[in-house]
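You will see chain A twice below: alongside chain B first, and alongside chain C after that.
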Partner chain A sequence: MNTFTFERSQRMFLGTLMGIGLLCAIILLLQHDPLKARFWSDFLHNSVFFSGIAVMALFFMGASITGMAGWYTVFKRVWESFSLFLIVGIIFMIILGLGNYLGFHHLYHWNDAETVADDVLLKGKSHFLNKGWYLLGTIVIMGGWIYFARKLRALSLEEDQDPGHDFEKHRKMRVWAAAVLPFIGFSSAAVIWLWVMSVDPHWYSTLFAWYSAASWFVAMVAMTIMIIGYLQSKGYYPEFNRDHLHDLGKFLFAFSIFWTYLWFSQFMLIWYGNVGEETTYFFTRRDHYPVLFYGNLVINFVLPFLILLRNDTKRKLGTMFFVSGLVFFGHWIDYFLMIKPGVLHTTQALSAAGEDHGSHAIAAGFGMPGFLEIGMMLGFLGLFIYMVFWQLSKASLIPKNDPYLAESLHHHV
Partner chain B sequence: MSHSPVSPIRAPLVEGHKTYHQITEDLSTPTEKRPNAAWWGAFAVALTFLTIGVICIVLTIWDGITEWNLNRTIGWGWDITNFVWWIGIGHAGTLISAILLLFRQKWRTGVNRAAEAMTIFAVMCAALFPAIHVGRIWVVFFFFPYPNSRGPLWPNFNSPLLWDLFAISTYFTVSLLFWYTGLVPDFATLRDRSKGLRRKMYNFVSFGWTGSAKHWQRHESLSLVLAGLATPLVLSVHTIVSFDFATSVIPGWHTTIFPPYFVAGAIFSGFAMVQTLMVITRKVLNLKQYITLEHIESMNKVILLTGTIVGVAYLTELFISWYSGYIYEQFAFFNRALGPYWWSYFGMMLCNVISPQLFWSKKIRRSVWWTFFMSIFVNIGMWFERFVIIATTLARDYLPSSWSYYSPSWVEIGIFLGTLGIFFTFYLLFTRLAPVVAVAEIKHILKSAGDQYIGKDAHHHHSSEITQES
Partner chain C sequence: MANHKDVLFGLYSDEEVLLKAVKKAKAAHLDIMDVFTPFPVHGLDEALDLKESRLHIVGFIFGLIGSLTAFLGMTWIFTDDWPIIIGGKPYWSVPAFIPITFELTVLFASIGMVVVFYVIGGLGPGVTNPTLDDRITDDKFCIAFDQHGMSDKDIDKVKSFLKDSGAEEIHTKTI
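This part shows the complex of A and B:
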C-alpha cells in the first residue's frame, strides 16, 4: 500500500465536516450582528491557524533537510501535503485583505479612518497598519511560501522518477530548503503582526511573533501525529514504527515546553515591568477570560508535560493520538485568546461610536468558543484534511529515492 | 548502532581509515609528550594576561570601584558587558553535548570535549565579574541566601540578580558533571597507558573504571539523564541573564523578546569561540582527521543560523520600537544607531548579522582561514552587542542633564584581558591533561562515520553491505 487511495467514504466524511462549517458560517451571517464580528473573527482565527500549520510544516521540512535529518523521511510526504494547504490559506487571507477595502468586515480598529484620525498612536502606526500593506504583505509573503512549498514538492516528486547523478535532486532541494528558513524567519513575524497582533492595535510585544509561531508549530506536530495515526489504522505506512512515533512525541513534548517558555517570558516580563499599556493585554484576558487564560496553560503545558514525560507514553499510538488532539485543540484556543478579545473591543468601540454608550458585555462566541465556533473549526479541519489527503493520493507515500530513506526505514532509538 | 544503514549522502566524520588503536594513540599522545615550543609560548602569553588581570583586580579591590570609569548613571560598564559575553560563550559546550546528543548529531563527538571544557572556563571567567563589581568583595557572601545567621536580612528574592546566582551555579555544576562523566572512560584509557605517579593520578580520577558492560550502561544512562537536565539549562541561564535587563522599565531593556534572543546570541557566540579554539587546536595537535572540514562546516552552519536568528531579533526590536509609538522607546533605538555610540551598533550589525551571511557560500564555510577570521569577528560582534545594550542605554537615560559618555579605564580593560588570560591558561592546561577529542565517543561512531565504512573512499565490501541492506 504505497499509494494512498482517497476513498469515497473519506470524502463524504470530510465533506460533511465542511458542510457543518458552512452551515455554521451561514447561521452566523444570518444572526443579528451589524458588523458580523463573530463570523469574521472566526474566519480570521481559523484561516490564520490552519495556514500557520501549513507554513510550519514547510519550515520544519526545510530545517530537517538542512540539518541532514534522516529519520522523518518515511512520512515526509505528509509534511509536503500540509505545506500545500497554503494555496487554500492564501485565498482566505486575501478575502480578509479585501475586506479591509470593501468594508465587509471590521476586525481591525486601525482600518477605521475616523478612529485613526483622533488617535495619535494609530496615526503613527498607519504607515504599517493599513489595508495596502495588509493585502500586499499577505500576497507577497504567502505567495513566497507557496512558491517554496511547490518547489520542494516538485523536486521531491522528480526525485521519485530519477534521483539524478550523485543525488542531484536532493542537493538541489538542500539549496531551496536552506533558503526557505530565513525567508519564513523574517516574513512570518511580519504577517503575524499584521494578521494577529494588530487586532489589539495599541498593544505590542517584541516576542509576540515567535510566541505565536511556536503555537503553530506545536499544533503542526500534533496534527502530524493524528494524521499518521489515522493512516496507520487504515493499513498505510507500515514502515512508520514506534521509534518514529517516539521522536514525534519528543518534538511535541519539547515544543510544548518551548511554547510555555515563550508564554512565560512574555507574561513575566510584562507583569514585572508593570507598564499599564502592556499589562492591559493580560488583565483583559485574566479578568474576562479566566477559564481560557488558565485553561490554555493547563492544556498546552501541564497535561502534555505530565503525559509525555514518560518514555513509554510517547511510544503508544493511542495515548499519542489523545494528547495530540488535546494539544491541537489547546493551541486553537490559544489563537482564540489572541484574536477574540481585541476584535470584541474594536466591535464595541465601533458600535458605540454613534451612541452615548456601547455595550461592554462579552458577546456570544467571544468569551468562550460556542458550538458555532467549534462548527467553523470542524469545517476548516475538514477542508485541511481533504486537501492533505488529496495531495497524498497524488504521489507515492514513501519518497523511494530519497538518500535518507534507508536510515529512516531502519530508524531505531 | 553499527548495524543501522547510513545514508550514502553523508560524509565521513573520521578520516584516515583509523583503527581503534590508532584513535587511542592519536588522541592520547598529546597528553603524554612534552609540550612543544608553540605551547610554551602560548602559555607564557596567557599567563602574562592572567597576571595583568590579577593586578587590576587587586587594584579594584584595594581602591574600590573608583578605579573604573563608572559614574552616576552608568552603573554598569565593561564589567557586566564582559560578564554577559563570557556567559554567552559558555553556552556552546552544553548545547553541543546535550541538545545535539538528543538530536543524534554525530558530528558533536569531534568537538564536544573541548567545547564543554571551554564552557566551564568561560563560566568561571563570567562569575568573576558579579563578585568584583560590588566593590566590597568581603561581603560578597551576601549573594547567597542562607538561613539563621543574618537575622531578618535576606537577599531580595524578587531580584533577577539573585535568580542569576542560582542559574549560573546550577549551570556550572551540571556542565562540570557532564564534562567529567565523559572524561572518566578516557582517563581510564590514559591510566592504562601510563606508569608510576601518572598512573596513580589517572587511576584516582577515573574512579576505577574497568570498561565493563555495567560501567558502560551506567555511563550511558547518566549521560542521557544529564543531557535531559542540561537542555533546559542551556535556555534558562541566558534567559535569566536577559531578565537582569528586561525586568526593568528602561527603554531598550524592557522588551519581551530578550529571553530567546539572548539564548540564540549566546549559542552564536559560543560556537564562534569553539571555532576559534578548534581551528588552532586541530592544527597544533594534528587532529585534522578527527575535527574535519565536515565538523567545521556544520558549526559554520550553526553560526549562520543563529546569526540570522539574532538578526531577526535586532530588526524586530528596531521595528517594534517604531511601531510602539512610545517616544522613549523610539529614542532608545535612535540613540543606539545614530547616537554617540553609533560605531558599536554598526559594529554589532556588521559582525553579527551581515558578515555571517558569507557562510551561504560552501567554499567559505569549508575554508579554515575564513572560519578563523569570521569566528573572531563574531566574538567581537557579540561583545559589541552587550556593550550596545548596556552602555548606550545607560549613557542616555530619562534625564538629559545626567547624560554622559563612558569609556573604560585601563583597569577595566586590564581585567578583561585578565579573563582572556584565565580562559586560555585553563584551556592550554586542559590540552595537556585530557584528550581534547573524546576517545571513547569517537570509537563509538567509527563504524557509522569512519571513512573506511562510508563515503567515497570506503572499502567496497563494507559500503555495499551497508547501503544495500535496506
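This part shows the complex of A and C:
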C-alpha cells in the first residue's frame, strides 16, 4: 500500500471536527462580547499554533536534507504535507492582518491610535509595531515559506519520476533546503514578535522567538508521531519500524528539554533582573493562571522527561502516541498562556471607560480553556489533518529514487 | 591471573560474514564465549541475545543523587548555615538553584557511570588485558570459544564450524 486513499469515513470524521470548530466559532461570535475578543484570540491562538507546526516541518526537512540525514526519508511525505498547510495558514493570518485595518478585532493594543499617542513606549515601537508591517510581514514571510515548501515538494515529486543524472534533482533540492534554513531562522522570529509577543506590547524578551519556536517544534514532532501511528494502524507505512519511532522519540524528548531550557532561561533572567516592565508578564501568569503556569511545566517537561527517559518507552507506539498527545495539548496550552492574558488586558483597557478597570476579573474563556476553546482547536485540528491527508493522497507514501531511501529502509539504531 | 583459559577462535575479515556465522552458531547451539569486533556491528547484539545494559539505571541513580546533593546542599547553606541576601532575593531562591542543580546532576551521572563502567568491566589503571589477536582492534572480526570442558570431538566440531562459516584463520591461545 504505497498510495494513501483518503477514505470517505475519514473525510466525514474530519469534516465533523471542522463543523464543531465552526459551530463554536459561531457561538462565540453570537455571544455578548462587544470586542469579540474571545473569538479572535482563539482564532489567533490556533492559526499561529498550526501554521507554526507547518513551518517547523519545513524547517526540519530543510535541516535534514542539508545535513544529509537519511533516516527520515521513509516518511518525508508526511512533513511535506505538513508544510503545505501554510497555504491555509496564510489565509487566516491575512484575515488577522486585515482586521487591524478594518477594526473587526482588537487583539493588539499597539493598533489603537489613541493609546499609542499617549504612550511613549508604544510610540517608540510604532515603527515596527504597526498594521502595515503586520500585514506586509505576514504576507512576505509566510509567502516565502510557502514558496520554499512548494519548491521542495515539487522537486521531491519530480524526483519520483526521474532523479536526473547523478541525483541532479536531489542536489537541487539541497540548495533550496540550505537556503530555507536562514530564511526561516530569522523570519520566524520576526513574525512571532508581530503575531504573539506584541499582544503584550510593552513587554519584550529576546528569547521569546526561540522559546515559542521550540514549542512549535515539539508540537510538530508530536503531531508526526500521532499521524504516522494512525496511518500504521490503517496498514500504511509497514516500512516505518521501531527504530524510526525511536529517533522521533529522541527528538520529542530532546526538544521537550530544549523548550524547558528556553522557558527557564527566559524566566530566570527576568526574575533575576527584576525589572518592573518585564516581571509583570510572569506576575500576571503566576498569580492569575497558577494551574496553567505550573501545569505547563509538568505537562511539557516533567511528564515527557520521566516517561521518555527510558530506552524502551521510545520504542512502543502506544506509549509514544500517549506522550505525543499529552505534549501536543501541552504546547497548545503554552500558546494559550502566551496570548490570552495579553489580549484580556488589552480588551479590558479598551473597554474600560466607565467599567471597573483594574479589577482584573478574568472573563470566560480567558482563564482556562473552555469547551468553546477546545472546540475551536478541534476545528483547526480537523482542518490541518484534512489538508495533510489530502496532500498525502496525491503522491506515493514512500518516495521513489531518493538517494537516501535505502538507508532509511534499513535504518537501525 | 589464576584462571587461564584456552581459547579457540576464528578470524573473519567481513562483518556480514561474521554476523551470519554468529547466527549459524546460535542455531547449532554452539556456546560462544565472546565476539570481538573493531567497531559496533549493527544487529550483533540481537544475534548474540545480549541483554540490554543496565548502565543507564546507574546513570539515573547517580543523577538523582547529584540533583539532591546540589538542591538540598544549597537549601541548607542558604537558609540555615550561612544565609545571605543576594540581589534582594529570598534566602531560599529556587530559580537560582536550578542551574547548579542541573550541573551537579550531569556531573554525578557522568562520573558515576564512568566509574561503574570501569569497575564492572574490570578495567582501570594497571590492568592489562590479553588480546587474542592484535588485529581484532583493526580490521579483523573474531568469534571465540572457551575450550574448557570440551571433548576433542567438540573441538573438531567447532573448528569445522569456523572453517565452514568463512573464518580465514583459526587459532588457539591461552589467555
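Rule of thumb we're sticking to: the second predicted complex is superposed on the first by the 406 of 413 C-alpha atoms of A that agree within 3 Å, B and C clash if a C-alpha of one lies under 4 Å from a C-alpha of the other, contacts with A are read in each partner's own complex, and residues count from 1 in each chain.
Note that in this section a contact is a pair of C-beta atoms (placed from the backbone, for glycine too) under 8 Å apart; a residue touches a chain by one contact, two chains touch by 3 or more.
Every value quoted in this text rests on a predicted model; they were computed, and no experiment measured them.
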{"item": "Of chain B and chain C, the chain that contacts the larger number of chain A residues", "value": "B"}
{"item": "Partner chain in contact with A:Tyr272 - chain B first, chain C second, else both or neither", "value": "both"}
{"item": "Partner chain(s) touched by A:Arg285 [first = chain B, second = chain C, both, neither]", "value": "neither"}
{"item": "First (chain B), second (chain C), both or neither touched by A:His412", "value": "both"}
{"item": "Chain B versus chain C as contact partner of A:His331, first or second or both or neither", "value": "neither"}
{"item": "First, second, both or neither for A:Asn311, with chain B first and chain C second", "value": "second"}
{"item": "Doubly contacted chain A residues - partners chain C and chain B", "value": "268, 272, 274, 412"}
{"item": "Chain A residues within the chain B interface of the complex", "value": "66-68, 70, 120-121, 124-125, 128, 167, 170, 178, 181-182, 185-186, 189, 193, 204-210, 250, 257, 261-262, 265-266, 268-270, 272-275, 277, 403-407, 409-410, 412-413"}
{"item": "List of chain B residues in touch with chain A within their complex", "value": "4-10, 102-105, 232, 235, 239, 243, 246-249, 254-260, 301, 305, 308-309, 312-313, 315-317, 320, 323-326, 360, 467, 469-470"}
{"item": "Of all residues in chain A, those that touch chain C in their complex", "value": "264, 267-268, 271-272, 274, 309-311, 412"}
{"item": "Residue numbers on chain C that touch chain A, as the complex places them", "value": "42-43, 52, 56, 60, 87-88, 95-96, 98-99"}
